[in-house]
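Read from first to last, the chains carry the letters A, B, C and D; within each, the first residue is number 1.
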C-alpha cells in the first residue's frame, strides 16, 4: 500500500534512493522458462543512464545491473527476479544546499510534511534515479512480450514548442535505428537536429525545458485490459503519470478528440479478409482500445513532461522554518528529461502489457 | 484482478449491467461512525441520472438508491456498505440490432474477443450506466472528505471547440449554485448558454460531440499520495481514465506545461505568515501535487471526453462473422456526455482522496 | 483492506448483517462461459440454512438466492456476479439483551473497541449468517472446479469426544449420499447416530458442543499453490480459520505428524506406470501438498470448531460500562455448528482451489 | 500474485534461492521515524542461522544483513527498506544428486510440474533458507511493535512426543533468557535437556523428528484484526502455515477446545477495576481473539512442524522420468527444525501484528 509496487500478476517492487547504496527491483510473477537476455537488459539501461551526451546530466553512473535471484541457467524459474544496480557516483556534497531549504517545484517539502524525515541527498526516493529499476524490469517485460509478438516503440515528439511530424513508417526496427542515431531520440532526423540545438541553448542559459513522448504498440492481440477500473488505457495512464515530471497523458485521439463530433470520430470497422481474423478500422481514433480492452489495432498514446525543476539560476524559496531563502541549482542535472525518458515510457508500457496479458489468461478457461 | 474494484483502503467494487436487474456497489473500508446522509447520496445520483434535460438521453431511470448493509442508526459501522440501484426502464428491444453487429467505436467486438460471450443489451457491462454505482459510492467518500474539510468541484469547461474562461472565484458553494442553474453544468453562464445551443444543434443532426471537464479540490492537507507508483495524480489519472469515453488527463500545467522552461514553470514558495503553517506558492503549475504528494495548494486537473459513439446516422460496420454491415443508432442516447459526467468526475476524485487519506494514516505512527 | 474480500483472481466480497435487509456477495473473476446451475447453488445453500433439523437453530430462513448480474442466458459473462439473499426472519427483539451487555465469548466487546459503534442485532456482521454468502459463491467455484475434474467432500468427523473412523471409500458421490442421509453430516452412519444423540442431549441441557470437520479434495492437478507465502495449504488454512468458531487447522499428517520421525513420515514416490503421468506416493502424510504446491494426490485437511458461545444458561458477564452483569442466551441458536458448517468448509476450499487454479495459468506461458 | 509478498500495509516481498547469490527482502510500508537497531536485527538472524549447535545443520552462513535503502541517519524514512543477506557457503555439489531424482517429501517434483524448470541446488526457492529474509523483516516489525508496547515470545514446547509443561511465568524477558540458555529453545530447562538428548540420538540415527512451537503475544491492544476474512487468527494461521514444514495451527483452545461444551469453554468477562479500561476474562480459551479481533488479553497459538524430509538413510524414490530410483540425503541438514524455527514463528507473528496495527488506523477517523 505504500506505493512502491506496480502490476498485479507481473508485479514489480522497486527500492532505493538517489544517493543510497543501490537501487533495485523485484519482479514477482515473470512466467517460467523465459530467456533472460542480460545484454538486452543492460542495453536498455544504457539508454536511460546519465552522462550519455551533452544534453543529459553529467552524473556518471554505469548502471550495471546484477541478477540476484530467479534465474537458472539463463532462464526465469517462476520465482522472484531481483535486480540490483549499485550507485557509484554519489556526489552527495552537492546536496548540502537542500537540507533545510526547499527547492522550488521539487518534492522536498511534501516528504517533510508526509514523513517528518527526509533523505535530502539528491532528492532521495523522489529522484528519477528510481526509474532505472523500472527500466531493468521493463526490459524483462519486453522480452516476454516479444515472445508473444508484441513490440513497443516510443520517441520524443516535442521539445518546448518544437513538434515532430507524424511517423510515416510502420517498421519499428527501422524507426528505432533512426531514433538511436540522434541524442534526443526523435525518429525524425530534421526535427531531432532542431530539438538538440534548442536544448543545448536552454542548457547554456542554465534553464530547462519540457517535452512530449509518443508511443505505439504493435502486435497486441485483442482482449487485453479489464473492465471497469483496470481498463488498458487507465493502467497505461497511471503507469505514465507515475513517471517523474509527467503532467499529462492521452491515448488515441486524446484531448483533440474531445473537439470532434461522433460522426468524425467513430472508427469504421472494415470487413475481414477471407483468410483473416484480424479486426481493422479505417481510422484509429480509438488508439487501439475500445471499452478499455485492446482491439488488435496499434495502441497509441502520448505523455507530457514538465521542464526539470532544477535550474542553474537563482530562485526565491523558503527554508524548513518557512522563512524566505534563496537557492541556486547545484549537482548535475538534465536540461530536458525526454531523451532519457523514452526508454522509461517503453518500460512502463511493457510492464502494463505483460501484466494485462497474464491477467487475460483467466478470462476464459 | 478482474478489474471491478477501485481503491485500497477505501475500496469499492461495482456490479451490474445496463439492462440487468440492478446495478450496485460495495464500499469496503468506509470508517465507522460517519453520518450517511441519504438525501445527499440521492441528490448526487440525480445529477447523473438520465432524462434530466433536452440535452441528455431520454431513458427514464429514477436511480433510487437502497442501502443493504453497513449502516446502523444512520451511521456507518465499519462493515461493508452495499448500495443497490434497480434498473427500471430497460427497453432492451432497442438493442436487438447489436446482437450480431458491432457498433462502431463501441466495446461490442472486444467483449466478444475477450470473453466469447456478450450481454449485448444496452452494452451490458460496458455501458456508462455502471457509473451510477460510482456516483453513489463517491457521495459517501464526499461525506467523509467533507468531515476532513476537503471539497471537490468540477464543471464543464469545453464542448467541442467552445471553451469556458478560467474561474474567477474560489467560493466553491457559489460556483456550484451557478453550475446547477444550467443544464450543461458550466460555471460560466454565458459559455453555458453557448454550449447548450451547440449540443442541441448537434443532437438535431443526429450527431454527438465531445468535451472537457475541469476539477479543483480545496482543503486537501499536505501529505496525501504515495511514492512511487501510487502518486496522487497517477491515482487521479487512472480514476478519470477509467470513466467511459475519457481519452485524456492532465493536472496542473498539463500538456501546455511541457512547452515551458523551468524558469517559467517553477512555483516559488512564499514565506509563511507568522501564525500559519500553510505552504503556498506564487503560481500553481504543480496543480497542488509535488512528487506525487499533495502540498496543500488547490489540486487541479482536466479530463477530455470523446464524442459519444452512438449516433443517429447510418454507419458502415461489420457483423460478428466479419462481413460488411450497416447500423443506425437506436435507443436513447446522450448527444454529449459531459453534463452528466461532471458528478462522475467528482465521485472518482473523492474516492481517490478518501483512499489516500486513509493510506496516509500509516505514514508515521 | 477492511477484510471483506477473499481470493485474488477468483475473488469474492461479501456484505450484510444478520438482521439487516439482506446479505450477499460479489464474485469478481469467474471465467466466462461457465454454466451457472441455479438449482445447484440453491441446493448448497439449503445444506447450510437454519431450521433443517432438531439439532440446528430454529430460525427460519429460506435463503433464496437471487442473481443480480454477470449472467447472460444462463452462462457467466466474465463480469461480476452479484448474488443477493434477503433476510426474512429477523426476530431482532430477541437481541435487546445484548445492546449494552457483552455476551461471553462473542464479538460484542471487540466491535465496540474497534469501531465505537455496533449493530447488536443478532451479532450484526460477526454473525455466522455471513457464511451463507460464502456458500453461494463457493457453489459457483464448485461448478468451475467440476468442469476441471476437481471434487471436494467434507463431513463431520467428531462431535465433542466422539470420533468417526477413517473413510474407507474413495467414491465421493457415494459418501455424499451417506452423509446427506443423516442430519449431522457424518459419512459413517453408526457414528452419526451417536453424534446426533449426543448433540440432542447437549441441546436439552441448554448447552453447546464443538466438533471437527475433515475434507478431501480429489482430482486436483499438480502445480496449484504459489511459493512462498501463498502456499496452497496456507491459503486453505486462512480460508478455514476465517470461518466463525474455527480454532484449528491441520493438513496431511497435521499435529500428529509432528511426533513422527522423518523415516516414518516421508511419502515414498512410486514408479509411474508406462501409460501414466500421475505422481503417486505409498503414503500421503503430505496431504497432497509439497512445498505449498499440489502434487496430484488427494488433498486432505481437518478443521476444529469451538462450541457455540450462545448457551441457554445464566452466565456472568459485564456491560458496556464494565460493570458486572448477567446474561442468558436468547434467540434461536445451534447446539453444535458442525452439521451446517460442512458445506461452508467445502465452499471455502472451492474458493481457494478456483483461485489458485486461475493463478497457476500465469506460471508458464 | 506469485505469492512472494505478505501483508498489506506493512508488506514484505522476499527473493532468493538457497544457493544463489543472495537472499533478501523489501519491506514496504514501515512507518517513518522508526529507530532501526541493526544490532537487534542481526541478533535475530543469529538465532535462525545454521551451524549454531550440534543439533542444527553444519552449513556455515554468517547471515550478515546489509541495508540497501529506506534508512537515513539510523531511522526509517517511510520508503522501502531493502535488506540483503549474501549466501556464502553454497556447497552446491552436494546437490548433484537431486538434479534428476525427486527427494521424497520435498518440493522437487511439484516445482517441475508447475514451472517445467527447477533450480535444484539446495532446493532453490523451496529451501527454508528463504526464512532468513522473513526473520530480518520480522525484526523490524518487532522494533515497531515494541514501540507500541507489544511483545512476542515463542519457544519449543514439543519434540517428537516430549512435551513441555505450560509456562508459569508472565515475564517474557525472563523466559527469553531461559530459552536462550539451551540450544533447543525450550523455556523449561528440564524438558529442554530431554529434547536435546533425543534430537541428538535421532541425528545419530541419520533420522529427523518433528515438533511444536507455542507463541504468546502480550500488550496487544483490543481492536486488531479485520472481519470477515482477515481475522487476526486467520492471518496468523496463514503466516505460520507459510513457514516450511508446518502442518498445523491452532489458537486459544485449539483442537482440544472442539471437545468441550460451551459452558466449559466460554470465557467470563470480569468487571473492570475503577481505574482501568482493560478487558479481562477469567479464562482465555479465546486465545485473546474474539470474532477475529484482538480483545486485549494474551494472544496464544501453537504451530506443528513435520520432521525434516532430508534423512541420511537410503530411500526409494523416482527420477524425473518416473522410474524407480534410490536416494540418500547429502548436504548438511537439521535433525529437527524447531530450535531454529522459534524466531521465524516470532517474525511472522510480528509481521501480522504490525500489518493489522496499521490497518486498524483506518477503522475510525
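FYI, a residue touches a chain if its C-beta (ideal position, glycine included) is under 8 Å from a C-beta of that chain, and two chains touch if they have at least 3 such contacts.
These are the chains along with the protein names UniProt gives them: A, B, C, D = Chorismate synthase.
Just so we're clear, the structure is a prediction, and the values are computed from it rather than from any experiment.
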Farthest from chain A (Chorismate synthase) by Cα centre, which chain is it? Let me know.
C
If you tally C-beta contacts across A-D and across A-B, the winner is A-B
Provide the C-alpha centroid distance between chain A (Chorismate synthase) and chain D (Chorismate synthase), rounded to the nearest whole angstrom.
39
Between the Cα centroids of chain B (Chorismate synthase) and chain D (Chorismate synthase) the separation in whole angstrom comes to 46
Whole-Å gap between the CA centroids of chain A (Chorismate synthase) and chain B (Chorismate synthase):
26
Multi-chain contacts in chain D (Chorismate synthase), i.e. residues touching at least two other chains, fall at 1-5, 8-9, 14, 29, 32-33, 78-79, 114-116, 125, 227, 359, 362-364
Which residues of chain C (Chorismate synthase) touch chain D (Chorismate synthase) once you look at their complex with the stated criterion?
1-6, 8-9, 14, 102, 104-107, 109-111, 113-116, 125-126, 130, 158, 160-161, 202, 207-212, 222-223, 225-231, 233-235, 237-238, 241-242, 244, 247-255, 257-272, 277, 279, 281, 285-287, 290-296, 304-311, 313, 315-318, 322-324, 359-360, 362-364
Residue ranges of chain B (Chorismate synthase) touching chain C (Chorismate synthase) (in the complex, touch as defined)
1-5, 8-9, 11, 13-17, 20-24, 26, 28-29, 32-33, 66-70, 72, 75-82, 84, 114-119, 124-125
Residues of chain C (Chorismate synthase) that touch chain A (Chorismate synthase) when the two form their complex
1, 8-10, 29, 31-33, 78-79, 144, 147-148, 227, 357-359, 361-365
